[in-house]
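Data first, discussion second: the structure below is written as structure tokens.
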Amino acid sequence: MNLSQFEAWLADIDHRIAGVEVTASNLNKRRNRVDLPADKLVLFLEAVKGEASFVHLSAISCVDWIDDGEFELVYHLWSYELNQLISAHIRVSRDPGEYQSIYDLYRPAGFFERDIHEMYGLYFHGAPDMEKFILTEWNGIPPMRKEFDSEEFVEQNFSWQEYNPEWLKELVAEGGGVVIPCEEQRFSRSVATDHGIDQQHSNWSGCDVSSKLCRIDSKYRGGD
Amino acid sequence: MRAENYQQQSHPPSNQFELNFGPNHPGIEGNYALQVEVEGDVIVKARADGGYLHRGFEKLMEQRLWIQNISLVPRICVPDPSPMEVCYSMAIEEISGIEVPERAQWIRVLQLELSRIAAHLFTFGGHAATTGMYTPMYWGVADRDLILDLFEEFTGGRIYSIYNLPGGVRRELPDGFLDKVSEVIDYIESRLPEYDNLFFRNAVFIKRAKGVGVLTQEKSLEMGVTGPNLRATGLAFDLRRDDPYLVYDKLDFEVVVEEAGDAWARTLVRRQELLQSIRIVRQVVAALPDIGGELRAPIPNPLAWRVPAGESYARVESSKGELAYFVVSNGGEKPWRVHVRGPSAMHAVQVLEELVTGGRVEDVAQTMFSLDACPPEVDR
Amino acid sequence: MKEIKVENRREGNILSRVFDELNEFCRARSLFILHYCTGCGAIELPPVMTSRFDMERLGVQPMVTPRQADILLITGYVSIKTLKRVMLTYEQMGSPKYVIGICSCTVNGGMYWQSYATAKKLDEYMPVDLYIAGCMPRPEAIISGLRSLIRNIELGESNNWKKYYENYDYYLGNQQKLFGDEWQTPVDVIGEAEHYGLVGEGTYGEHTEILQRVQQPLKPLEMRL
Amino acid sequence: MDTQIFTEISLSEILVELLLMPVIAFLVGLVMVLWMRKIGARVQRRIGPPLFQPLYDVVKLFGKKTQVSHGVVHDIGIVMAMGGYIAAETLLPVPGMNGIAVYGGIITLTYLMMIPSLGLALGVGQCANPNGSIGISRALTAMLAYDIPFVIIVFGVAFHHETTNLVEIITQQQQAGIASWGAVQNPLLALAGLATLQGMLGKQPFEIYIAPAEIATGPMVEMSGKYLGGLFVMQAFQLYTAAVLYVSLFLGGGESWFELLAKSFVVVSIPMMIAFVFPRYRTEDLVRLFWKWPVMIGLLGVAFVG
Amino acid sequence: MSEFLFELNMLDSLLLLSAVTVAIAILCRVEYISGGVVTLLYLAQLVVVGMMISAGGVFSSHLTPQLFGYELGWLLDGLGLYFTLITVGSALLATLYMAGEWGRRYREQGKSFRALQSLLALNVFTMQLLLASSDLLSLFISWELASWAAFALMALSGGKGLKAALHYMIYAFSGAMLVFAVVAWIATTAVTAAYQLDINGAGILQFSSVAELMQQGIFTIPEQLLMLTLLLIGFGIKMGLLPFHLWQAPAYALSIGPAGAFLGAISSRLGLFAIIVVLFKIFGSITDGSILQSSFGFEFASVTPKTLLAWIAVATIIFPTFVAMRQNDARHLLAWHGIGQGGYMLLGLVMMDSLGSAGGLLHVFNHATYQAALFLAVTSVIYRTGTADLNRLGGLVVRMPLSFMTLLIGIIGLAGLPPMNGFVSKWLVYRSLLDQGELLLFVGAVIGTLGTILSVYKLIHNMFLGSLRKEHEEVREVSWSMLTPMLILSALILLTGLFPGIPLQWVAQGLSAVGLPVAEFNLGGVMADGGSLDMVIVSMVLFSGFGVAALIFYFVGGKSKRVNPLDNYAGGHFLYASNRYHYSNNFYAGLMHLIKPWYKNTFQRLERVVVTLLELTAESLSRLYMRPHSNQLALIIVVLLLW
């Protein structure tokens, strides 16, 4: 299969598998975006692997669209013969958080699915190993879910140390140093909120970390 | 670590015992662990255990501005950090449709290839040290330091350069920098015969490395192995050539291939790639003075920059293999999702487990180092 | 944490004083660092170790297991999973032992201050002798840090390892807060403190009580007829 | 001649020698350790440790405040490892001091040198760490490998000089200058001896039993404080013993201390220079290698002894 | 009869005591008394033997029955005395071991302690008869008796042990047949020869007379060689010489604990005794090859029986030692070493110089001490844990320290390292090989020693070191009744290592009895040209070395603290109780990668081939016999007649 045949094949695929939607990237001619219903994915992958030589599963990415109540799974497939990339997008409901493993088709999926499971709590049926790999000693909710607030967790579990040595005080008193007033910093999302920037995802509980940031900032000055 | 873990229990009759390779073990790259079950000195079962370097990068990136994340990404792979920032920048550029000026692209290539040379020198040293030969490590790391000096000079940081921005690079090369690059490159090339005698052609090393951790081409395709490890199995595939980015399509270099697929072949591929990188750097050094123009495309105020909604999948050939960033923007100030596909994620977990199983205790470390696994990429 | 008074160690008769002096002198000149890459700062250790900066000049050399080592280098952030291992490693090391926190992350969490996965303040979990800030500190900075540690040891000022025994309750409390009350390392720190006469005011406390209640006692296997 | 020596040496002289010989061996051994590390540093293009580094290390390790013992046998093992060598030094004649060499001879010395290995093995076994046990299993295997050429050499030398008495062997070699040296008389044996020396010192390419990247320093894995210090002491003794034994067998010993030490340091340098440019063999490759080349050369050497 | 009693000399009283021991062991139904009584009787025997040794000389018994016209005589010389001493000594310690708690448990298990006791006594008695035999016929008869007694003792354990014992019996029986053939051959020829030589016909089978016959050339040299070969095979089977060693290890290993210790210590050495008698008392002139040279008229030096035997001995050292390395059962491991150590004895003896023969003969004593100690220690472990499987034990040193010590001393002896006694005898053998320039034999012997070191470390590591299993948490040290013999043996190993002069004087008596040269020795060792050995000084230096090291270690070094085994390095990971953290199986895995293909089980295959051939022959013969078709038979007869 050469490139032109592949393009024809890809254009034709929605006739064979209902609901497949192909979008070619206009920036990079080697990228092809495919959207399809979740139940058609395996069918599509079988076709794409068997007929179009996409043997390399580059990655499976998961995106948490919390407002839609869905996870988006993106399967990035590469063909060594065509040098083309297909990104197959599916959406899975967030609530039961289950999907089907494609380990039988692509062995690298074993790692990615395991990773998605522990990071998002999305369970893959038929995967060889759904044991935790990275967060083996983590008991909270899967941390990559948008509702998990990392800062709140940090606030509860850790403390910071003051670092305000004499030399820094002197320096600041002289008006030196690079201490940026907290309100001018745009490092934290709560600061960003103060400035009225679009806060689309307001389900994050805001907490004021700006005072902390000042300290960290002054600490960094001492370093590299 | 919980009290009940220390409750005495009787073991069923078994001829096997367990060994922990890592996290605190010199035979493991970085902070990573392999728990193996051994019979005699043959490993019957291996289980990778990661997460010791987990920092939640992907979560952190969702909480920081697009531009702040530039300083975060290089830390995902410590031995070879430059591809990270380049790749992340490329992803943003693709989403927001920014054209990178040519000069910046050439400088990025220079940065990437210098980083590759440094990473390979580091890997050789590590690989040699696992077999008990420390001199290549002492030499290699010291030679790598020269390249780090170069980095320091033109980016300001020895390891983490944080030199790229979406749209280009941060600052102009210093005066006379290219001469220094040529000097260092010449020096490293002149050292190669010495490395050959010491390491690559060392009879004992060849005896140790040949036939260890053999990956066939079928297996590596099946398992998603990329980069030098894939090329060592005879498949000439290189993202720089086959999915070109930056100005790699204008550069003249070869895709190095070895057939055997064992630790020895992988090492040889890296050694040849080192030469190819030197070749590329020479071309860049020759070309750069003639390429003028901007260093970076104009971008909005980075502190209030909202990348338009969209997604992109940027791929770069790092020294370990295919590095990819999947970046999703919802038009906000911060990325909605960044997924880092570290090349080691493939060969440091499933492949490593499989190659180690059936092998010998003495080859565990060598297998891992010859695969050039980089645990922080796995843990993120 | 209670402030502890560093005891005056130049005590006893002349012979033992001379012996102590000799010990300090040699200890400062022979430091074995543990080969444990806890974080990304470890990438700057090979340059320190190898031909360019050659830390063996200072009598510092890498060692493999915690038993053999004197210095625990925390090279950067410690994820909670790693922190548990670092605690184990620290407790397994033979005193006098020194902890050097390399990189800013050990001070306050550094770049990862928001991260749910990394511990922020190393000082809460083990006594740190020296911080080398920077992200990451250059080899020169590490060498200079080692030099100042050597100087401190020679002057007898680096006695933070005693703090761990004398204020064990405080450290254990912080560990329990992070790891849960069931937390127990196989090292019997209290027993060690008693055995070597290092019991201080803060050795026992509410947290050690919790430990003694939940723990699986790990006594040495004594020979018996 | 033996019976004469039995009566000639006075008790006090022997006692002084018995005390002095291990002390000298220890000090020279420490310098050899330094020498080894310096050579390594030079090969690796760096400066290397300061002059008294080995001494600092040992003193520091013995002075550690807290140390970990896994049981009585752990202690006894280290004592045996050190004590075996302390005893072995007295069987090794040096200029001006024969110690009790005449009562033991080379076979006794060979077997006495196995005592530290056995002691170490016991101590490590008690640590209940499989890394250590694997290390010991490899160390004993290596011993099985290098001791076969070693005994061939011992046999050849003893057969050549018609005695197992080291004092006598040295005297015979010193009779006619360099021409009567073992290395000149039996060059093949001397060559096989060098290979054996490499194995005996456990340096690359025969470093399987330490192998940090494989078994986390094997026998040393659970050694802290004075236990590790004991092993450092043992290493110093081992270097000294191996070097002086080689010099005594092949290089005519030393008529003066200067001569002996000069020769010993030259001998020690050879394995060190090899060590830093080679990786380690696998166990079976090591055994195969030792059973092939040094044995062959050694047998050939003995055949020429005639 | 009363007259007879009056003239009872020491040998008679010894044999009588021994017989009484057997009788009491059989008759005494009160088993807990019999243990003590029999032990005392052994002690009495030991005292008699001691008196005989101190008296020196040759003791002949009044017991001189006649059989088929040949006079049977019993006569104990230095050699026999030496072996008798070891026999009685090991029996004494084995019985002492059995007498207390061990025996009680044995009885409680419903097994017959009386049978064990009496069979052991019977073994001792028959062995004494054998050791005191002075002519070929009495040798053969007592040989048979001893074989059957040994068989009965082995078979007592039942099960696999019975099978192994039957295996042994087949070997022993074939050996006995060969011996009998030679005896009958000599006997028939000797009667006629006796008239020619004017020797008393009834005493013609006495060793000295037979030796005379041989020297007079009654038998041609090839005939003598054949006889020698047959006898060597016959006796070599008992000794476990290659290639007839297969029966020994399982048979000894599977015997009941203390019986195994006794058998392992001395039983197979009877073969060596007989071989010594044959080699030096009867065929002395052939052995060294001098006669061969003169009679065949060409250089025969390279294939004299001496060199041949030496090579067999070296093979006997090497092969079983490396088989032992692969054993996973402590008793099997020791039993295989027992075979291997026999090689050193033979090797030393056939060197026929003062050092070598002293070494070989001394090794019998040394081997008996450490083999008994090792077997008893292993039996103690089995007694407490119920297993000798090296993969199911570990860490017992904290629970059974004295057994550990015994085993440690035993293995140092077995490995032949100073300062234990095994070193002395091996040193003598090495020296003799060195003096005679036997390089390859020397190397072979050393390979054996090195292999021994490897496998004994595996033994002690897998049993006593490493991590303790949970089921052995509550194990205790064995009782003093069992410890006493173990400690006595340990002390013996150490003492005779320190003062090898003590056993060497008995060895000297033995050597002079068979006319071998005797080395010059003193209390501490041996003096010889070209290097001496003084164990007193060597041991003193070694122990003072240990002392100095201990001083440095305990006083210069800081205080140490014991820790729990779970407080251990596991790659920075926590070591949980659920982790299997004990390396035991395939302990020398690296070495095995190289030498595993060399284990071809050649001897097992050879044995199987012979067995199959025999079965085939027997089968065909029986078929011929069972189904006699008259016409076929007639045909065969006709053919035979015509031919």
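Labels for the chains are A, B, C, D and E, by order of writing; each one numbers its residues from 1.
Operating definition for what follows: a contact is a pair of C-beta atoms (placed from the backbone, for glycine too) under 8 Å apart; a residue touches a chain by one contact, two chains touch by 3 or more.
Only a predicted model underlies this, so the values are computations on that prediction, with no experimental measurement involved.
Chains that count as touching both chain A and chain D, per the definition above, are B, C. Centrality annotation: D (chain centre taken as mean Cα position, compared with the mean over all protein Cα atoms).
Of all chains, the one whose CA centroid is most distant from that of chain D is A. The most distant chain from chain B is E, comparing centres defined as mean Cα coordinates.
Top contact pair of chains, counted by C-beta pairs, is D-E.
Each chain gets one centre point, the mean of its Cα atoms, and the points for chain A and chain C are 37 Å apart.
The geometric centre of chain B is 44 Å away from that of chain D, both derived from CA atoms. Each chain gets one centre point, the mean of its Cα atoms, and the points for chain A and chain E are 75 Å apart. Among the residues of chain C, those in touch with two or more other chains are 35-36, 50-52, 64-67, 81, 84-85, 88-89, 92, 114-117, 135-136, 138, 185-186, 192, 196, 218, 220-221, 223. For chain A, residues touching at least two other chains, in rising order: 135-137, 143, 148, 150-151, 224. Looking at chain B, one finds that residues 1, 5-7, 17-19, 23-26, 38, 41, 51, 54, 56, 59-60, 63-64, 138-139, 142, 379 touch two or more other chains. Contact between chains, using the touch rule, shows up for A-B, A-C, B-C, B-D, B-E, C-D, C-E, D-E. By the touch criterion given at the top, residues 48-51, 54, 56, 58-60, 62-65, 68, 94, 97, 157, 221-224, 226, 235, 237, 242-243, 303-304, 306, 311-313, 315, 322, 324, 326, 328, 330, 332-334, 336-337, 339, 341, 345-346, 349-350, 378-380 of chain B touch chain A in their complex.
Of all the residues in chain E, the ones that touch chain D in their complex are 395, 397-398, 401, 404, 408, 412, 415-418, 423, 427, 430-431, 434, 437, 439, 442-443, 446-447, 450-451, 453-454, 457-458, 460-461, 464-468, 525, 527, 529-534, 537-538, 541-542, 544-550, 552-554, 556-563, 565, 567-569, 571, 581-583, 587-591, 593-595. Considering their complex, residues 17-19, 25-27, 38, 41, 128-135, 138-139, 142, 198, 202, 204-205, 207-208, 360-362, 364-366 of chain B touch chain D. Only residues 395, 397-399, 401-402, 468, 476-477, 559, 561-569, 572-575 of chain E touch chain C when the two sit together in their complex.
Residue ranges of chain C in contact with chain B, taken from their complex: 34-40, 42-44, 46-47, 49-52, 64-66, 77, 79, 81-82, 84-85, 88-89, 111-112, 114-118, 135-136, 138-139, 179-180, 182-186, 214-216, 218.
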